[in-house]
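Each remark here refers to the structure printed beneath this line.
Order as written gives the chain letters A, B, C and D; numbering starts at 1 within each chain.
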Amino acid sequence: MLKVGLLGAGRIAGVHATAITNNPGSTLVAVSDINAEAAAKLAAQYGAEARSTEAILNDPAIDAVLIATSTDTHSDLIERATDAGKAVLCEKPVDLSLARAQACQKVVANNGKPVMIGFNRRFDPNFAALKTALDKGEIGKAELLSITSFDPAPPPVTYIKVSGGLFRDMMIHDFDMANFLMGSAPVTVSAVGTSIVDPAIGGAGDVDTAVVTLTYADGRIAVIKNSRRAVYGYDQRVELLGSEGLLQAQNMLENTVVKSTTAGVTGAKPTYFFLERYMPAYSAEWAAFVAAVNAGTALPVTLDDGVAALAMAEAATQSAKSGLPVALASILG
Amino acid sequence: MLKVGLLGAGRIAGVHATAITNNPGSTLVAVSDINAEAAAKLAAQYGAEARSTEAILNDPAIDAVLIATSTDTHSDLIERATDAGKAVLCEKPVDLSLARAQACQKVVANNGKPVMIGFNRRFDPNFAALKTALDKGEIGKAELLSITSFDPAPPPVTYIKVSGGLFRDMMIHDFDMANFLMGSAPVTVSAVGTSIVDPAIGGAGDVDTAVVTLTYADGRIAVIKNSRRAVYGYDQRVELLGSEGLLQAQNMLENTVVKSTTAGVTGAKPTYFFLERYMPAYSAEWAAFVAAVNAGTALPVTLDDGVAALAMAEAATQSAKSGLPVALASILG
Amino acid sequence: MLKVGLLGAGRIAGVHATAITNNPGSTLVAVSDINAEAAAKLAAQYGAEARSTEAILNDPAIDAVLIATSTDTHSDLIERATDAGKAVLCEKPVDLSLARAQACQKVVANNGKPVMIGFNRRFDPNFAALKTALDKGEIGKAELLSITSFDPAPPPVTYIKVSGGLFRDMMIHDFDMANFLMGSAPVTVSAVGTSIVDPAIGGAGDVDTAVVTLTYADGRIAVIKNSRRAVYGYDQRVELLGSEGLLQAQNMLENTVVKSTTAGVTGAKPTYFFLERYMPAYSAEWAAFVAAVNAGTALPVTLDDGVAALAMAEAATQSAKSGLPVALASILG
Amino acid sequence: MLKVGLLGAGRIAGVHATAITNNPGSTLVAVSDINAEAAAKLAAQYGAEARSTEAILNDPAIDAVLIATSTDTHSDLIERATDAGKAVLCEKPVDLSLARAQACQKVVANNGKPVMIGFNRRFDPNFAALKTALDKGEIGKAELLSITSFDPAPPPVTYIKVSGGLFRDMMIHDFDMANFLMGSAPVTVSAVGTSIVDPAIGGAGDVDTAVVTLTYADGRIAVIKNSRRAVYGYDQRVELLGSEGLLQAQNMLENTVVKSTTAGVTGAKPTYFFLERYMPAYSAEWAAFVAAVNAGTALPVTLDDGVAALAMAEAATQSAKSGLPVALASILG
């Protein structure tokens, strides 16, 4: 039974608390948060204790910590937790600064503790099934990947300003999905971005709509499309053309009811946002973490994966500004 | 080159005129109609002559006639045309009277000329593909058949009154589809009907919504659902459960555009009515007739098929009235 | 907080234990089963006590019991539990004997305690959404209902023999769905059944494939199709034609991946069986029970609903044997 | 009645001959081809005469010519035909050389005759319905366009060598579709291409898989994906995200049959290639040409549209080679 400390008590921490509790191989022992009240409330709900982060990291009875705090604390907490001997599952992104993430990577390489980054979409039943079919050779060799990833509505501009920008905050999931499916990093990253949804987002120095093209050493190509606004719901699709066919992972819908009237044939919208769409993915992610930590086997997503995606976000940010393709090697220095 | 006389110049005759003209193996030579003006107009449009029915049947240069006149003339014209040595394609139904149709069957059995009944749905690309998959054993042995067949809007009550009733006029297509797919006639026919769409239809002695259950000697079951009104368009679907799977032939849609908005995900309606849905079927039907007549091979749908469907319509009409199942054998005497 | 005793510790009891525990308004206090080991194991898993049924019913601290024992004990336990002052949620069917269920109905009418029957499908998000759309008038007035309900594989013949037969054991869910959607009981019930899936099922006096047609006083019609075997998975669909459109609740699929190859365009199968398909429905069902009991409001499904569905199963059983329609009034006597 | 001369007697000329003949407002008078036998055969099939191109252009009784010859003859024939006073419908592309096409554009501007370029996809019922919905404001303001356009199999390398390359030969249709839907030309064109399908195509100096990103002055973005090989058939889809929703035009399928077995749920493939998919589009294109010429109104697609798409192909060709974005203005000089 894996004993777990949860760092953070916000909305996504609540999602993880449920997954930890429902998993038969793990128990939620303690919760910390800079907002003590939030920590107390979440802990009470799941029969855990509210403690300080310090107390959690120093408790030898705690085997693992789940880091669900704000992004600017991730690198520090990963370093402290692994130095304290804990296995770590940390929400994405590792950091907004590639350099800081790379420094963290070195610390972890030294202490040798397992760190998993929360790219939950790899565990979505649909994307996972697509990956399985690809690995089984069901469409031959991959050639052209397309990822569509639209949020239902943009966050407040106050959030945009501290988010690190669309490429680091939102598309980072899609960069990891590309790495997951393509199995190797791209050579070049070309981005175009615009603030057509809301000029205020442009005013804050960010884009709200973007297309990134990735090229690979062996000739493969990937395209990622992001928009901060798809009024019909969370649009999360992947499409991969291979030498022997096409794989598509389509949206999950709110229900399966279809209505035919004089106005046409109408079905339900996609599930609204990430909590609705990815709840099964969060559970499966946690189950994979527990299984790997308990068995001492390799984690399915690593800190290296987190750094790799961050490097692509950095390249895309630069490309969108310069209007020129960026070689990923130039970023990784 | 098959030289063809067309008896009838109404709407469905126009459909056939197109199919005859577009087929590289047949030519439309002459058209007749009780409305001379209609015959003249249709003939002119397709480069044919307007003639009397008499003249068409007596012309030794005409190889085949297509009968697209009113139902009450079908049996007579089939007998006259086959006695005159023509190959015949006659619109369904053979007759509203089973006895008259059976008498016609005997005449044709004597003169030995090929007569095909226009059950065009057998040639619909979707139903034909379903039948092919079934015959290839793709779902094992058939067990339970469902046919959904809804018209977009009811015809005028004046038409209802002379139509022979829903079972002979509308469901007869579905009886033939059941025979086509199941490959044998049922043992019992149980019908329920109601005039829930329009009480005036009930007032005219007919039903507008009906369900018929068919049982087969080997334990198979079929269900046919008819409604005179599906406001979203012509709903024509078939579904067949077998020992190793399910086959479904779904509706054809007006186009493939899908719109996702806050109101849901909306696609196009089914093609509106039989002319839109079954135009390819009419062409394929005619091509099959031409091919068989030219090759001297068996016709894919026969007068016997027409009589078999009519007997089922007769049984359903009786069952809907009595509320009791009817043995098909009792109808066929 | 509703304190709950669970009677039964089999597979479906486990499903309910999860729903009781996950619901923030209820706690699982005790579990009983004729197999003491099973009760102990299930109780331990959810932090409850294993007790005798007697002890549970006599414990004044227990507010409600969930009856998930074998069918032949349902009526007795409903009577004992309500006499002991408990609110009851009992798995379907109430009883295999209509007379016994009606006697139970009288007892409960006398003691006045709330009893809900576990027709979980009413709480399926898809069927519930269809019902909501219907109630909002989105397709006008209902005219023709079709329910397709196929199991993936037949149960062992040993089970068939004690099941009460397909109509009482399997189609009873669909009878309740018809009552739920149509809002009133039918006038006549006509059934045909066959043992085409497995002759051994026929040898046991039951059918494995059946079609039931229901007629309503106002002219509406419903058709229910059941098969014990759909090799592609659990096929659970509802379709309702109304004066202004059609509503369809389609199957839920294992995932949304679609593969296009030279062999065609292939998607996932329906979720395998009732546990996969109806898990959200079991949770929603329990939530509705807790909410109604806590608020003292009417339960959304009642013992009367259980008896009504059972009467239809009785009528269908008779109809399938006699080959004749059965008036529901003659059953309810 | 528009009297038409057809220049060219190859496969696509045959398609046009059918459309010309079936249209009630036009007649095919004469056919020419460098292969006299082919011209004779096609003419005979449609009741027309085989003549020399010279004779067709000099015949004052001929109102319009349809140019379906090899690409290298298009500009010359457009000039000669318009100088001879004919209305012209010319197959795409105008020319492989942008300069030559622009020279032709000037000649036509001088003689003032109507020239339509055969971008038939604008007349596809699906894309046309998408455009109509967009123009009606059904998804608000367009923001992000995606075009997927995959051929089922690559042409022979001998063809590739004279084709002008993927961007001029294949993607030119998609450039026109972008112009059609976006209503204005892009500012920049960025292309990546690879010969991952067949290295021999790369050996011939061309690519077989490509992604092009277009940016617009008002912040909109478009992405076009091309592959010379989608083994499952002709994949022709358009997707447009707007401020109030998403429009998608999906593939047309060979039929609507769906088969559910233990292997999954399988439907038909997309229609195989352009003749199957776009036959209705060719007819609608011709009908629009006839209507506009007869009415003397503006043609729905013009020679300017042909030059605009060609300029984008030129820009994409340069961008794919240099790896840098190309400003369209730099191409149009």
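Worth pointing out:
To be clear about the criterion, contacts are C-beta pairs under 8 Å (C-beta built on N, C-alpha and C of every residue); 3 or more make two chains touch, one makes a residue touch a chain.
The shown structure was predicted, so the numbers you read here are calculated from the model rather than taken from an experiment.
Superposition of chain C on chain D using C-alpha atoms only gives a rotation of 180 degrees, nearest 5. Counting C-beta pairs in contact across A-B and across B-C shows that the higher total falls to B-C.
Among the other chains, the CA centroid farthest from that of chain D is the one of C.
Averaged Cα coordinates give chain A a centre that lies 57 Å from the centre of chain B. Remark: chain B and chain C have CA centroids separated by 41 Å (rounded to whole angstrom).
The set of chain D residues that touch two or more partner chains comprises 230-232, 235, 244-246, 260-262, 268. Chain contact summary for the complex, chain C toward chain A: residues 125-126, 129-130, 133, 138-139, 244-252, 254-262, 268. Those residues of chain D lying in contact with chain A across their complex are 143-144, 146, 148, 150, 188, 190, 192, 194-197, 209-211, 213, 215, 218-221, 223, 225, 227, 229-232, 235, 241, 243-246, 323-325. Per the touch definition, chain B reaches chain A in the complex via residues 230-233, 235, 253, 260-270.
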